[in-house]
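Structure first, commentary second.
Order of writing sets the chain letters: A, B, C and D. Residues in each chain are counted from 1.
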Amino acid sequence: MAKIDLNGVGHCYSGKPEKLEDFALRPMNHSWDHGRAYALLGPSGCGKTTLLNIISGLIRPSEGRVLFGGVDVTDQPTAKRNIAQVFQFPVIYKNVTVYNNLAFPLRCRKLPADEIDRKVREVARLLNLTEQLKSSAARLSADAKQLISLGRGLVRNDVAALLLDEPLTVIDPHLKWLLRRKLKEINDTYNQTMVLVTHDQNEALTFAEKVVVMQAGQIVQVGTAQELFENPRHTFVGYFIGSPAMNFMPCRLDGNAVKVGEERISLPELATVDVPPEGKVEIGIRPEFLKLEHDASPDTLEVPILNVRDLGNFRIATVRFAGHDLKIKIPEARPIPSEKGFLRFPRQWTKLYVDDVLREPAGA
Amino acid sequence: MLGLYRFLKYSAILLWSAFVAGPFLWALTTSFKTSEGIVSGATYIPWLQYKPSLDGWGVLFRRGGQGIDIVDPYLASLTVTLSASAISLVLGTLAAYGLSRFSYKAGPIKNADITFFFISQRIMPPIVLSIPFFLMLQAFGLLDTKLGLIIVYVALLMPIAVWVMIDFFHNIPVELDETAMLDGCRPVETFFRVILPNCKPGLVVAGLFCLIFGWNDFFFAFMLTFTKTQLLPVAVVALNSSVTPWWSLSASALVSVAPLVILAFVVEKYLSRGNLAGAIK
Amino acid sequence: MLVSRQKLIFLLPGLLVLVAIIIFPLLFTIRVSFSSWDVMYPGLDWIGGKNYSRLFSDSRFWESLQRLAGIAVGTVVIEYLLGFGLALLVWKEVRYKRFFRVLFLVPMMTTPVIMSVIWRTIFHESLGPLNNILGFLGLGQVPWLSTAGMAVVSVMMVEIWQWTPFMFLLLLAGLLSLPKEPFQAAAIDGAGPFRTFFMVTFPLMAPISIGTLIIRLIEASKIMETVYVLTSGGPGTATETSSYYIYIRGLRDFQIGYAASLSVTYLVLMILALTILAKFLVRAFISKDKA
Amino acid sequence: MSLIIDNVSKSVDGEIHLQDIHLTMQKGSFNTLLGPTLSGKTSLLRLLAGLDKPTSGRIMMGGQDLSSIPVWKRNVSMVYQQFINYPHLDIYENIAFPLRRAGLAKAEIDRKVRATAETLRIDELLRRSPGELSGGQQQRTALARSLVKGADLLLLDEPLINLDYKLREEFHDEFTNIFADNRDTIIIYSSTDPLESLLLGGDILVLDEGRQLQHGPTHDVYRNPRMEAVARVFNDPQMNMINGRVENGRIVLGQGLTLPRSTHMTDLREGKYRFGLRANALGLSRASADDVELEARVELGEINGSETFVHIHHNEVSWVVQEDGVHTHSLGQVIRVYFNPEYLFAFDEKGMLAAAPKYVPGSGTAEE
């Protein structure tokens, strides 16, 4: 029952980092609050597995300390850390029953038989496994096996965090949402810290209260699904979350406007942001928020429409603006102008990034 | 606790290493002895316990008289083992590929039965086949010839090649073959242009097993050859029953087993990987 | 289908060669077993089942079978335990791991008869190193090859030296192919080394264990070369295995017809026994799966 | 040259994989095979490639029965779900492989390999071996190899299913360019993803359990699913289906949600129907005065790309609501959802379409 703190934790597989790029995981501070559901999201090679292994103790970080409830566990092996983990492929003890699978961690801890029995039955009820308690674990379907792996973490009282490493990879697509729901329900009931590690955006956003987005060995943003979508603090988040990805264009600030190529977008507030002379400056806006109007008005810019893709539920129009292709997402019901339209950048949804990091105007 | 565990672990490893290496070390030291080092009981350390001599090694390459000619059997063994292994590997690999990729049917007999037929040959005790082999080779005038032995060894080794290679082919996705055919290769071209170049690890393991069982066979060589052709194991065992001194016996034994032992160290990386695991399941 | 002609190119050469080399001799052996072919009257006459009724009362044959069963099962079980133990030892991080892995394989690379020649000198009661070392340790002298009991032990020891590496090789390959996660899960669940072995390692290795045991049982049921060199079946008939007995009858006494009937009987019994053993092993290793 | 699939069936060991597939595809067409897993998509592609034989029926190409032509003599390419490349050859040789088999001149091969590699943006990787590449790059290589030889028939069996979705997006954006030159080719692309088929456009064949459900221009089939099964397969999230009836000139949904009959339903006879409603026709705010309001409990808010699929429970029936943008909903929360009866589909008791909402093709421009 504990908060997990990473103090200056970083890892370099070769042992001797000379520059920041040598780190598989760059030194960082991060806390995992007790009882919350987190997702650790990023593409393969972003360092999320390294971070997970550092928490579970399979890797000793080359820098920094790991604290569980204030106690330094950096040098403790996995078995001593009181974590539970569900792996990508279901792990069960295949020659014993479901009951004995669930009882196993408690037997290892030498709990009295009646208490084991009580806990096993309680968890089995929660996971809808009561009927199968007496059957051999090896014969169950992949999703039931995955529930057993989860159950072995839930029976224990001493678990500081439940780590889920891409646990739905082998689950049938149509069963996935049931399991996602189960995971959320468990998090509600058990008030246990859960960390889901995944490369799947939908998985992470659906499951977690807080999503930790990683890229190239760094945490680039921590936030709720809605925050990540509506206010990406890093261009990578804008690209990685949402489909299609956020539109980005290099730009300059010029008076009270943002200048892309020769086009001026009037955004007085954004134009007040302090920009270092060497910095890479971009504006970004999501296809959902960019507006394509039929008629000109003072704050619109005329653009040619390159193509429109009808995706049933919605359409994606591609327009050309100052030499860049921008995507605009338009609901099924709303009509689209033909050939040319007028682009509007709503202030609230237009973001400014300097060296990939979001910069907000002072008053915001 | 951890220290004790490590101590026990390394002790066990060293103990077994001693058991494994013991006979070789004994043979090695014995090969440098003369009767002086033997008749008064076991001795181990040259110079200290006995005066080393190269007599044991010298006679190996001397013909007639005191000499034990080991060169001819050596060459004969090499010829027979390499030929039989090569033929088995070629025929076995082809058959294994066919069985892993196509379905064959002859009446009630299907792929699984044919595969079983190939592999089950290992069950056959040599003695059961020895009499008809003897008569058969005699009928064809192949008794006491290398060719006769090669034919017999092919029957012995092909099942091994089929066993190792079938599993190897099962681990190559069929889609690779299909892609080659879609790209314009006939099945035979597919095999030679696409599959074979990707088979090296399997071929090394299968080849090594063929060499082991071929080089080390004694019984058939013993039954089916007499004077004209003599393979190494027969030659060495013949020394055993005669009055050959221990030192030349040891030297000839070491020379005989050396090639495969060296080979094992050369192809080490192919052996200890998980290559074989699938074959046994 | 059009592939049909092409696909035969792969299978037929090997299959035909094997059928030619194996099937005809086998059928011939069966035919000979119904003849009285011997050194005096070589030829294929027909004497019906006489050879078979004779072997029924041939107690030396049945004893050799029993002995073979004992030696084969005994050595294979010991080889399995040792092989598994050794594989476990060098599976994880060990210094000079690669060297030890090959060293442990070396005996199977060597020619059994040739190494038996060396072993004979090792077992030598007065001049060999084994008794010398035992004497040095104060354990007294052992009549290795001259008493019935110890001769069997000697044969088994040489077999174990020779073939434990084969077990080791296959079991190590098996261990190396196992996924990591079950072991991590067991560590997280708090299992110690013994629990981990019995709940994770052993069950995961069950299919591989069965495979290696069967392969080795097949090979061990043919034991004869070691016997030939080490003891020649002696003292008396103490180490005479079935193969060796058939060898004596057929190729030393030249009772070809009778030896053929012994061969056929031996082969049939062996296949039966191995089939039953295989079934038994499958049940012994994965019975709980089906519970 | 057209491809005619003439009453083709395929069964393996008594199990039916395909039943009576009957259709024609024209040269230069782009076709999608849409169906859930095990619906027979791969079986059909394998028959067309010549890798398997149909149990009955014929496959004709340019008037010629293909059954007597072995795979290696057909001019067919196939891209698999798995990334299949020749591991012992580098990327250049992988792409050149079919051309070398066809005996093209060296210079010609070089020109084609480089041009195709450039289209697929792997021209920098030509000397690498497939094992060194990422999954996306490996699949690009496989695509390049299948495109380079200018096959009559290009088959793609869920080629992006093993890539993660950002990579899929990348490919989707490039497909127009990659398949630009298909005048002489019939392309068949199998997919489980309705969105992907809509994006690819062209014609579609909807398969389910080995049966051909509907064949036609992709967007037509989407707007007018011939039967309930098509609507089920061709919507993600699945179309909400509610039992109901037309009674006394009104529509009754489920346990007694009564609605006026909207214009496209006026011809419906009284009786039992299954009513379908796309998830995007449901909203969390009132969009028009005609909207019907439901009170429901949230089962799960599932986020998919830039949308939120809200699974809700109303009166013993589960519905899915598609909400634009990413939003958080807590389990068990009670919300109000709205829909306009204009968007209801109706299917009769045999599962055939009885009425579809009128589709006013936005004032949108045509495809591309």
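Note that contacts are C-beta pairs under 8 Å (C-beta built on N, C-alpha and C of every residue); 3 or more make two chains touch, one makes a residue touch a chain.
Keep in mind the model is a prediction, meaning the values are calculated, not measured.
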Remaining connected clusters, assuming chain A were absent and nothing shifted: one piece
Pair exhibiting more inter-chain C-beta contacts, B-C or A-D: B-C
Between chain B and chain C, centroid-to-centroid distance (C-alpha), Å: 16
Separation of mean Cα positions, chain D and chain A [Å, integer]: 28
Whole-Å gap between the CA centroids of chain B and chain D: 56
Shared interface positions of chain D, touching two or more other chains: 70
Where chain C touches two or more other chains, by residue: 3
Residue ranges of chain B in contact with chain C within the complex: 9, 12-13, 16-17, 19-24, 26-27, 30, 38-39, 41-42, 44, 91-92, 94-95, 97-99, 101-102, 104, 114, 117-118, 121-133, 135-136, 151-152, 154-155, 158-159, 162, 186-188, 191, 212, 215-216, 218-219, 223, 232-233, 236-237, 239-240, 246, 249-250, 253, 256-257, 260-261, 263-265, 268, 271-281
Touch list for chain C against partner chain B, complex: 3, 6-11, 13-15, 17-18, 21-22, 24-26, 28-29, 32, 82, 85-86, 89-90, 94, 98, 100-115, 117-122, 126-129, 131-133, 161, 165, 169-170, 172-174, 176-177, 207-208, 211-212, 215, 218-219, 221-222, 224-225, 229, 242-243, 246-247, 250-251, 256, 259-260, 263-264, 266-267, 270-271, 274
Parts of chain D lying in touch with chain A, wherever the complex brings them together: 164-166, 169, 194-195, 198-199, 201, 219, 222, 235, 278-280, 299-307, 311, 322, 324-328, 331, 362-365, 367-368
Footprint of chain B on chain D - complex, ascending: 49, 51, 70-74, 76-78, 80, 82, 84, 86-88, 97-98, 101-102, 145, 149
Chain C contact footprint on chain A (complex, rising order): 56, 58, 77-79, 83-85, 87-89, 91, 93-97, 104-105, 108-109, 136, 138-139, 149, 152
